[in-house]
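One chain, chain A, links the two complexes that follow: it is found with chain B in the first and with chain C in the second.
For the complex of A and B:
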């Protein structure tokens, strides 16, 4: 149908792209694999850097998508995209014609079980940052046997910056997430000690460094520079972690009641089939490679009709993903309607 | 003269410009991936030797890369070449090869075409 733009993925980036396209008089269609829109924000509790409930970001977006009468197809997993951007193929083989495509298929969480040495899925009280968000939503963070933890350790860079699992990139948002979560635990249980084990503290956004400092001064979170090398259970059901305190230069052992793994952002699992079908290139680690890193970061190639928004191309925060939704929508609009080629 | 019990300390600073970097360069040439170390400490954390005696493989190789070789031979003798450190390195550095290379360079520096590393053979511990 005329003016149809297929949007792969209904996370924040895809919804923002759809809203912008609708406003420009186009006919966006959101194709979402899951049974609801919203992507990862459906599972996060409160967002850095402002502690805003994720719902407060998501609900107005969902409301706007509904209000604008944007077509949404749930349970519609896209498997292929035409190299000319004139349509997509859904799982099951259905083809949907379009005039351009916005790829907003987001990211997948790193599967923490691949780092066996940390015992996720083996020891009860090893959880991921995503599990912790669910616990925060329920307003209680308890050990498997229902106790309030006396000490929690948070480990950075799990499934990021790690050649062993072929994820060499930095996931960017996990440092600030780890600091945020440490503060939230201290808020919830002031008696509970929290230790963050980091290698580099990457506070890339506005206000993030200030939050890091606040975590030290006001929240008394302890940051130890060293990557945990392995975890084992103790006789009394706690966890023992080994690391090096690299600022002191000696191996270190520490026990904790709970270990939180800050799992990284990995390329979404459909990237490969979309890339092969649409002749799209994948960059390091398997995220989509945009035309260039400056004026072309939401475009694929020079004059194509395939565009990228959000974490499909690299780890980003919510604000950045939303902005790219708008940028990709404008470029998709221009590619169909013509106009100054900026 | 009154003995105040004080001696003059050697300067603690790493004199980077004054240090002899031939050795370090030979090591980095043999194990180029060493340049990618992010100092995470996994090698030291897991090190069989370092958990029992004062021996820090991360610090040792960093010192060599700054041109600091004091006590190197004595330090390297503590390594059992078990290779555990290699298994945990997130940068995929062949730490075991690095150690073997250092040992080889130490054993035959002149044959390898490089001068004897200053202080490497001394028994004084590393700073």
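For the complex of A and C:
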């Protein structure tokens, strides 16, 4: 149909792209694999750096998408995209014709079971940062046997910057997430000690560094530079962790009631099939490679009709993903309506 | 009788050949005497003791089968075998039959080697004048044709290695190229020279007579006369050049394979550190290149200069570099194929020792902190050593615990709370003396706790326990063997899932220790086993070998992805392995879910683990089955 733009993924980037395209007089169609819009934001509790509840970001977007009468297809997994951007193929073989495609297919969370040494899925009180967000949402951060934790360890870079699990990239947002979660635990249980184990603290966003400092000065979160090497259960049901404090150069052991693994962002599993069908390039990391890192980071090539928004190309935070939704929408609009790329 | 001196059979053209032969034998004898003298006294004693035993006969048999008939190559590739056979057996026959022919004709047992080599020149009329019941000339022609067919194949192989079934053929050194060039000329030159002589005298048998007459017809009798002597000169020069180049080329293997076979049969193989016995092995390599194709560094990671053939070449000429010595998975796939049975892994390993010991001096206080350390837990006749890689795999540790509980085994846990490394990784890096300290520590620990059986989940640990620990009174077994025993004794009951499983043979467990059957016997009780295309002693390496110090993660992953595809192609639902290192490597590269044998067994336990979890001493005997 004329002016149809297929948007793969109904997370924040996809919704923002759809809203922009609708406003530009196009016919965006959001194709969402899950049974609801919102993507990963549905599962987060509060967002750094402002402690804004995720719902406060998500609900207005959902409301706007509904209000604008944007066509949304749920449970619609996209399996292929035409190299010329003139349509997509859905699981089951259905083809949807379009004049351009916005790939806003997001990321997958790293499967923490791949780091077997941490015992995720084996030891009860080893959880991921995503599990902890769910606990925060349910206002119930307790050990498996229902106790309030007296000590929590948070391990950074699980599935990020780790050649051993083929995740060489930095996932960017976990550092600040770890600091945020540490502070939230301290808020919830002032008696509970929280230790963050990190390689580097990468506080890239506005206000992040300040929060990091606040976590130490006001919240008394202890940050130890060192990666936990292995975890084992103790007889009394706690966890024993081996690590090294690399700032003082000494090995150490610590027991905790709960270990939170800050799982990184992986390229979505669907990237490969989309890349193969649409003749799109993937970077070494497995995320989509955009045309260039400056003026072309939402485009797939010079004159293509496939555009990228959000974490399909690299780990990003919510704000960055929203901005890319707008940017990709404009590029898509211009590719259909004529006019050279900017 | 030719015009030359009939009594001494001399013509100046024999000089290059004769000098070459003298030089060659002087060098070969000097080398062998030197290498033998440098063998440790124990090896020399072993040699003397074994010399007049049946082992020598067995060695002779292998010399015939391998050095002459090349039976091992026949199994790998018949065309390649024919090529080698034509050179080895053909040349051997040419010398032997030539010698008989000469001695029979001259009626003397001994004469200088050049007489039979250039026999046709000195006695062109022989086939007609010499009445006998045995047609030597026919035989000599047949053998020459046999060799020439091999030469043709060799030329062909240089052009298109793949036509001889080899994906990659060997790259040569300068000595090799000289010898090779000479070798390629030798037999065609002999044909030309004999044809010229036979053409002039209208003698020769089916080959040399025909080519001689054809040649005479082509160039005429005068020209033929003019080219006869130059042709013999070329033949002699080619032979001389070959013999001089031979000690500096891969063709040194022709002779060295013989002492190598004898030493092997006598059990003299060299050790963890470089020694004189290594010389015989290193020079027994013919550089046939059979080791190249099975090497996954070549097939999956596009590395073409580190295979055993190049490693041996570099070591032979003192050109070995660390990147070559260190870039080997030590998976042993090439070793199983080596037609000469060279200890490729051992040689690679001991080439690392000299450098490693220089790099990290073994001071007295190194590992001093281990003294008196004992973090083991529990008591029992059965000890369990997880090893560092198993300790990093929580699911395997949990599975082992469940299996021990289900079998009601009382276990002494050697390293659950952290132990000392088995020493094999250090040994693989060349630090054999440092590794010995760790081994001594662990050995004392095992002996102190009075265990009679030591179970380990790690084939890397298992190999070093069996080969280097010399544990008296303690049987060391792999967990796969332990599981099978429990199953056979009825101490474990498994519920077969009926799932299709495929099994990856870990290198250290399979090729390293010959344990192929027990893991399969255990798996057969869990589901249907689907064998991959390459299996057992030809199984692929996962790529995560602790023996390789060069590969980066991407290269490791490429090897693993390649291998994982072979397992996925079986159509199995799960890839099971029996090594924590293989499992970890495959988990990040396999389309199939990967698990350790222990996990697969624990998941199939019929009785809940807790039912057996009651140590007799604890007195909690009430109604365990109810849980």
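Assume the second predicted complex is superposed on the first by the 341 of 342 C-alpha atoms of A that agree within 3 Å, B and C clash if a C-alpha of one lies under 4 Å from a C-alpha of the other, contacts with A are read in each partner's own complex, and residues count from 1 in each chain.
The definition used in the following text is that a contact is a pair of C-beta atoms (placed from the backbone, for glycine too) under 8 Å apart; a residue touches a chain by one contact, two chains touch by 3 or more.
Just so it is clear, the structure is predicted and the values come from calculations on it, not from any experiment.
Three-chain overlay on chain A, with chain B and chain C in a clash.
More residues of chain A are in touch with B than with the other of chain B and chain C. Of the two partner chains placed by the overlay, chain B and chain C both lie in contact with A:164. Looking at the shared chain after the overlay, A:124 reaches neither chain B nor chain C.
In the superposed model, A:200 lies in contact with chain B only, and not with chain C. Looking at the shared chain after the overlay, A:114 reaches chain C, while chain B stays out of its contact range.
Within the superposed three-chain model, A:228 lies in touch with chain B and out of touch with chain C [touch as defined at top].
Using the contact criterion defined above for the overlaid structures, shared-chain residue A:79 touches neither chain B nor chain C, since it reaches no partner. With both structures placed on the common chain, the touch criterion links A:249 to chain B but leaves chain C unconnected. Residue overlap on chain A between its contacts with chain B in one complex and with chain C in the other: 117, 163-164, 229-230, 242. Considering their complex, residues 117, 157, 161-164, 199-200, 225-230, 242-246, 249-252 of chain A touch chain B.
Those residues of chain A that touch chain C in the complex are listed here as 114, 116-119, 121-123, 163-166, 229-232, 242.
Against chain A, the residues of chain C that register as touching in their complex are 391-398, 416-418, 552-553, 557, 584, 587-589. Touching chain A in their complex are the following residues of chain B: 38-47, 50-51, 56, 58-59, 88-92.
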